[in-house]
Amino acid sequence: MSHHDHEQKNGTHGAEEVRIGVYVCHCGSNIASMVDVEAVAKFAKDLPGVVLSRDYKYMCSDPGQELIAQDIKEHKLNRIVVAACSPLLHEHTFRNATKRAGLNPYFMHMVSIREHASWVHTDRAACTIKAKEILHGAIARVALHKALEKAKVDVNPAVLVVGGGIAGIHSALTLANAGKKVYLVERDATIGGHMARFDKTFPTMDCAACILTPKMSAVRSHPNITLWTWSEVVKVDGYVGNFKVKVKRNPRYINEDLCVGCMECIKACVFKEPKFTDEFNQGLSKRKPVYIPFPQAVPPVVVVDPATCLKLKTGKCKQTCVEACGERKAFDFEQKEKFEEIQVGTVIVSTGFKTVDPHKLPLYGYGIHPEVYTALEIERLINASGPTGGHLVTKKHEEPKSVAIIHCVGSRDEHTNKWCSRVCCMYSLKLAHMIKAHTKAQVYNFYIDMRAAGKGYEEFYNRVLEEGVNFVRGRVAEVTDWAMTPEEEGRLVLRVEDTLAGFVRRIPADMVILATGLEPQPDAQDVRRMFNMSCSTEGFFLERHPKLAPVNTPTDGIFLAGACQGPKDIPDTVAQAGAAAAEALALIDKGHVEIEPNTAFVVEEECSGCKTCISMCPYTAITRDEVKKKAVINPAMCKGCGTCVAACPSGSIRQNLFEDVQVLTEIEEVLVRES
Amino acid sequence: MRYSYFPGCSLKGTGKAYEESLLPVLKALDIEVHELEDWNCCGATAYMAVDESAALKLSARNLAIAEKAKDEVLAPCSACYLVLRKTQKYIQEYPKVGGEVRQALQNAGLEYSGNVEVKHPLDILVNKVGLDAIKKRVKKPLTGLKVATYYGCQIVRPYSAFDNQARPVAMDKLMEALGATVVHYPLKTRCCGGSLTGTISDVGLRLVYILLKEARKNGADIITTLCPLCQFNLDAFQDQIKSRYDDVTTPVVYFTQLMGLAFGIPESELGLKRNIVPAEPALAGKV
Amino acid sequence: MSPFKQQIRYESQRDLRFADEIMATPGCEDLGGCIQCGTCSGVCPLSIYMDHTPRNIINLARAGFKDDVLTSNTIWLCASCYHCTVECPKSIKITDIMYALKQRAIKDGVYRRGIPIPVLAREFFNMVRRNGRVTENWLATILYLKTDWLAMLKMGGLGLKLIRTGRFSFTMDHIEGREQLRKLLEPSSNNNTSASQGAKQ
Amino acid sequence: MNHNDSKPQAPWEPRILAIFCNWCTYTAADLAGVSRMQYAHNVRIVRVMCSGRVDPQFVLDAFARGADGVLIGGCHPGDCHYIEGNYKALRRSEMLKRMLSDMGIEDKRYRLEWISAAEGDKVQRVINEMTADVKALGPLNLPGRFKDWDKEIAELEHALNGKGGECCSHAKEVSR
C-alpha cells in the first residue's frame, strides 16, 4: 500500500501513473435494454488513464465483484469506475470489493446509468449517449481521487428513550436489563401513556393495569434507568455514537425525592372540591390544582398545576397543602424549569400517537349531543378506577338500553385521515364485549370492513358475535336527535345503510361511542426535525426500509418504536420496542462506528483566518486557532456537508471526495458532448 | 355595494315573492343591484340529467354576460347559485370541459375568462353587511316569533363556502338579529325532494310532510327558507298533505320577507299575499 | 307470472366497458374507488324509496351490470341534494355519477316507463333550448299532458291557487338572444339529438 | 446579447447540468427511476452531499463549459439533512441569479428547486419543464464566446465573496 501513503502526502494524483478499470453493468436487461453497454464500454477504453473497460451482466454478483478484484491484481489498476445502479444502493458493495483486492476503497467511484438513465428514458440512442457522458465524468473525476481512511468513533453506551408509553417502557427495560444506562424522558407527569388509560386489552381481556403497572414500577426502581417525567427533549446535537442531548425539566413545584406520594396535600388543598378538568380521565371528572394523574402513577409524586394553583396564580393562599406535607417539605413553589445536558450513543423515539378529534366529523354530533363519546372516554367510564367507578351510565346516571359503537371515525376517510388505524376494529369489539358484561344493553357495532388480523383476533370476533352483539355492515351517516317514532323520542338516532341487507335502518341509542382513529402527534414535525428523521406522507415517522430496516431511521443511531411510526396495537408495539432496543444494543456492543471520510479539512498555508467558515458550520466543528490565526476543523464533529467549503473565500477548505477540482472536473466532462 | 342580479326563472314565476321582498330589503341596506342583461335559465338539475356539456355551456352564457358587467353576481335561487358555481369549478378543473365551453361561447360571440364571483344574498347580508348593520336597521323586531330556519340542500352543498355544511347557522343568526326566536330544527338541510312533488307525489309529498311535521313539533310558528323551490314545495301542497297524512299547516316564507317586516317595509310590498298558506295569522301580534 | 324470480347474474350480462364509459364523464372518475360503506345511502333522504340503494348502484355500475343500473328507479329518484357527494369518505361525486347514468338512460332510451322524470328533464331541456328560460307552470302542464292526465286533474286545484296568488304565468318567457343560444348549444349537438331519440321511444 | 438570432438547425438538444443533494433530491431522482417516470434525457446529474456545498463557481463553470441550463436540487426548507445547508444555498443562489442576469443569461436557464426524497414526480416535472424552457431559449453557447466571457467572469468572480484572483487561476487549472 506504499503508493497510497505516497499519494496522501502529495495531495492529488501527481506522481504515479493512473490506471483506471471501467465496469459497465447490464443489470440483466434493466440497463442493457435501453443502453448499448458494449458501445459504452468501448467508448471508455479510449479515455485518458483507462487501462481496461468491460461490460458485465451483473456487476454486483460475486463473480462481478471478483472480476474487479482480479483485474486490480492482474492489471495493477489503481482506480475503479463502476457504471451501474445508484451508488446509494451498491457503492459500499464495490468499495468493499476494491478494498478486498488491496486497493483503497475510495479509489472506486460509482455512477448510476439505471435509475438516472435506462429506467427513465425510451430513446435508446440518446440514453446510450447519456450513459457515455456520465461515465466520462466519472473517469475524469476518479483520476483525482485520494486514498482515504474511515474514522472510527466509540459508541457511548448510554441510550435516550423519548416517550414513556408502553413502547418506551419496554425498550428502556430491555436495555437496562442488558446493563446499559438509559435515560427515559416523558412529557407527561407519569409514564404509562395511552395504555394506562385502558381497562382491558384485547384479545385476551387481561387488565391493562395488571400488565402495565408492574413494568412502570420496574422502570422507577431500575438502577440503570434515569426517569425524567414532566420533561421534554429540546435539543439534539452530534452523531451516531455521540449524541449531545438537552432535556428541559418543567417545574412540578414538588421536590420529587422528598415526595412520598401520600397525597395528604391533595386532601388538604384549599379547594375542598375538585373543580378543574382532569386530563387523565378525558375531562370526565375533576381534579384539584395539586393532583396525581392516577393512583398507580409513576413516579408516585404529586404535581402542581400553575394555571389553577392559588399560590402560583395569586401568591395569596393559606397553603394548607404545605402544612399537610409538614416535615417532608416536598413543596417548592420557587421551582423553575431546569435543563439537563446528557451524552448518549443511541436514541429510541417512541413518542406515540394522538386520537382523531371527533369534532372534525360534525354529522356524528360530538360536542353537540352529550351522549356521544369517544372510545377513550368509555375506557375511563368502564374502568373501575374511573370517574364512575366502572359503572357505564349516561350523563343522566341511567344505564343505557342501547349502545352504538361506530367504527372508522377519522379513518379511511379523505376528509380526515385516509389510512386504516388498525386497532379500532379490535378495541371496538373489546368495548362491545365489556359493555355486554357491564350492562343489559343492546350493543351495536357499525363497521365498514371487520379487520381482525392478528393472533387470536378472529377467535375473539367470533366470541363477541356469539355473545349476541349486533353487527351492522355500514358506515353510520348521521347521529341526530330527530325522532320519527315513539321509541326514538328523547334518544339519539343513527341512520345507516345495512349494506348486507341493502336497505337503510334507523336505530335509536342511548349512548354512541366513536371509535376514533390514530394520527401523528401534533408536534411530530418538530420532533422529526430535532432528530433529523423523515415522515411519510400521513405524518408518521418514516422507517428506513419497511422490510429491511423497519425500526431504523435515515439517521444512524436513531430508532423508532411504537405508534409514532404508524398505528399499532400493544403486541406489535412491544415487539417493535424490543427490536429497537436490540438495534441499539448491536451498536453499543460493537463499541464503535465508522464515519464516512467525506469531511472537510483546512489547507493551513492558504487559510487567511477570516472566520467566514465558522459561522457557516451548523455543527460548530470549526474553531480558530488563535495562535496560528487559522481555522481548525474537528473531523469527529464535521458531518461533511461542505457548506464551509463553498463559503471559504480563499478556497483553503477542501472536502474529501468533493474537492472543487474533483467536482468541477466531473461537471466539465459530463458536459462534453459525445456522438 | 353593487351586484349583477341573477333572478333565475323561479323568481319571475312561482317565486315572485322572493324577488318582491329581496329587492326592497337590499335597497334598504343601500345595496345596488342591476338585473343581469338577457340572462338565461341556469339549467337547474334537469339539464344536467340530459346533457352535461350542454348544461355547462348554458350556464356559462350567464357567466360570460356577468363578466362583461364586471360586478359580482347575486343569485338568490339555490339551484342557480349551485349550478353557476359548479360551472365555474368544472370549467377551471377540467381542461377538456373548459375548452369545449370556451369554444361554444366563442361560436356564440361570447367569452369567459373566469373572473366572476357568484354570491348568495344570505352570504352578503350576514358576512358583508354584517348583523350589527342589520340590527340597526330593524324597526319592528319580530319578538316572540318562533321560526324554523330551513336551508334546504343546494345552498349549503357542495360548492358553497360561506357556512357550516352540516350545521349552517347564517340564517339562524340573521333571524335572531331580527328579534325572532329560532327553534331547534334538525332537518335544516334535508332535501325537500325538488320536482318530486310534481312527478312522484307519493314520495315528494312525504318528504315535505316530514319537514313540516318536525318544524311544528318543535313549536315553530313559521318556517323561513331561501330557495324558491323549497318555498313552493312546502307552501303549495299543504292541503294535499293534510288529506293524506295529518294537519301540519305551517306558513312558509322567504327570509327576506321577514327581514322586510322587521325593517318596517309595508306587508303589501313584500309579496306576502302570494303565500298559499297565509302567513298573516302566524305574524299577527308579533309584527 | 311465477312468483319465483331468478336472481342469478352471469358474466355474459356484464358490460365491461360500462364503468369506463361512465368514468369518462367529468366528475365521475372516482367511481372505481368506492369502498361500499353505504354513507351515501345513509344520508340520502330518498334511498328508502329506491329499488337499489345508491351504494349498490355504484357497485353494480362498477361491475358493469348496465341493465340493472339504467332501469333502476334510483337514478330518477335522486333529487341532486349532493348530501352523498359531500359525505362520501372517498370523495366520490355520487351526484355527478347519477347525472351521468340519467344521461345514459335517456341516450339509450331504456329508462323505466311510468316515471315521468325523464320526460320532465327532456321537456325542460327542449323548452330552455328553444326559449332560454322555463315557465314552470307551462312545463308542468306539458308534462302532465304527456304523462298523466289524472295527475293534471289532481293538481288542478293547485293551478287555480297559483293563479289566485299571481304565481301563474300565462305567457311563456323567453330571452332575446335565442339565436345566440342556438349557436352556443349547436356544435356538440350529438347528445342533444340523442335526447330527442330518447323521446321517440 | 440575443442568442435566439442564431437559432440552431433541427436536432439541437439542450444540455442541462443538475447538481443534486445526496439526501433529498438525488434520492428523489432514484425514486423517479425506480417508479419508471419518463423524463427528458437532457439532464446530467452530479451528486454533492448537500446543496450547501454548491459553489456558485460550479454553476458559472458549467455555463462556461457548454451547459445551456443549470438545475440545483436540495431538501425543502427545514428538512435539510445538515440542518440549514439549503438556506445557505438559497442565499448564494439569490446573489448568483442577479449576477447571471447581468451577464445576460436568461433566468430560466438557472433554477433552484426543493425536492424531497419522496417527490420523484417533482424531479420528472422540473426536468421536463426546464428542458422545454431552455429549448425555447435556444443554445447558450458560452464556450463559443468563451474569450469575451473570460474577462467578464473574472470581474464577476471578484464580486463573488471577493474570491477574485484565486478562482480564475483555479478555473484555468481545472480547465487544463
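Labels A, B, C and D are assigned to the chains in the order they are written; within every chain, residues are numbered from 1.
Basically, a contact is a pair of C-beta atoms (placed from the backbone, for glycine too) under 8 Å apart; a residue touches a chain by one contact, two chains touch by 3 or more.
This is a predicted model, so every value here is computed, not measured.
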Contact pairs, highest-scoring chain pair: B-C
Between chain A and chain C, centroid-to-centroid distance (C-alpha), Å: 52
Mean-CA-position distance for chain D and chain A (Å): 34
Rounded Å distance, chain C centre to chain D centre (Cα mean): 57
Residues of chain A engaged with two or more neighbouring chains: 363
Which chain pairs touch, all of them: A-B, A-C, A-D, B-C
Parts of chain B lying in touch with chain A, wherever the complex brings them together: 164-167, 186-187, 210, 214
Touching residues (chain side chain A, partner chain C) in the complex: 363, 408, 412-415, 448-449, 473-478, 495-499, 502-504
Residues of chain D that touch chain A when the two form their complex: 13, 15, 17, 19, 22-23, 26-27, 29-30, 32-34, 36-39, 41, 44-50, 52-58, 61-62, 65-67, 78-79, 81-85, 88, 92, 117-118, 124, 161-163, 166-167, 170, 173-175
List of chain C residues in touch with chain B within their complex: 25-27, 45-46, 49, 77, 79-83, 85-86, 95, 99-100, 102-103, 106, 115-118, 120-122, 124-125, 128-129, 132-137, 140, 143, 151, 154-155, 157-158, 161-162, 165-167, 169, 173, 175-177, 180-181, 183-188, 191-192, 195
Chain C - residues contacting chain A, complex: 35-44, 47-48, 52-53, 55-56, 87, 89-91
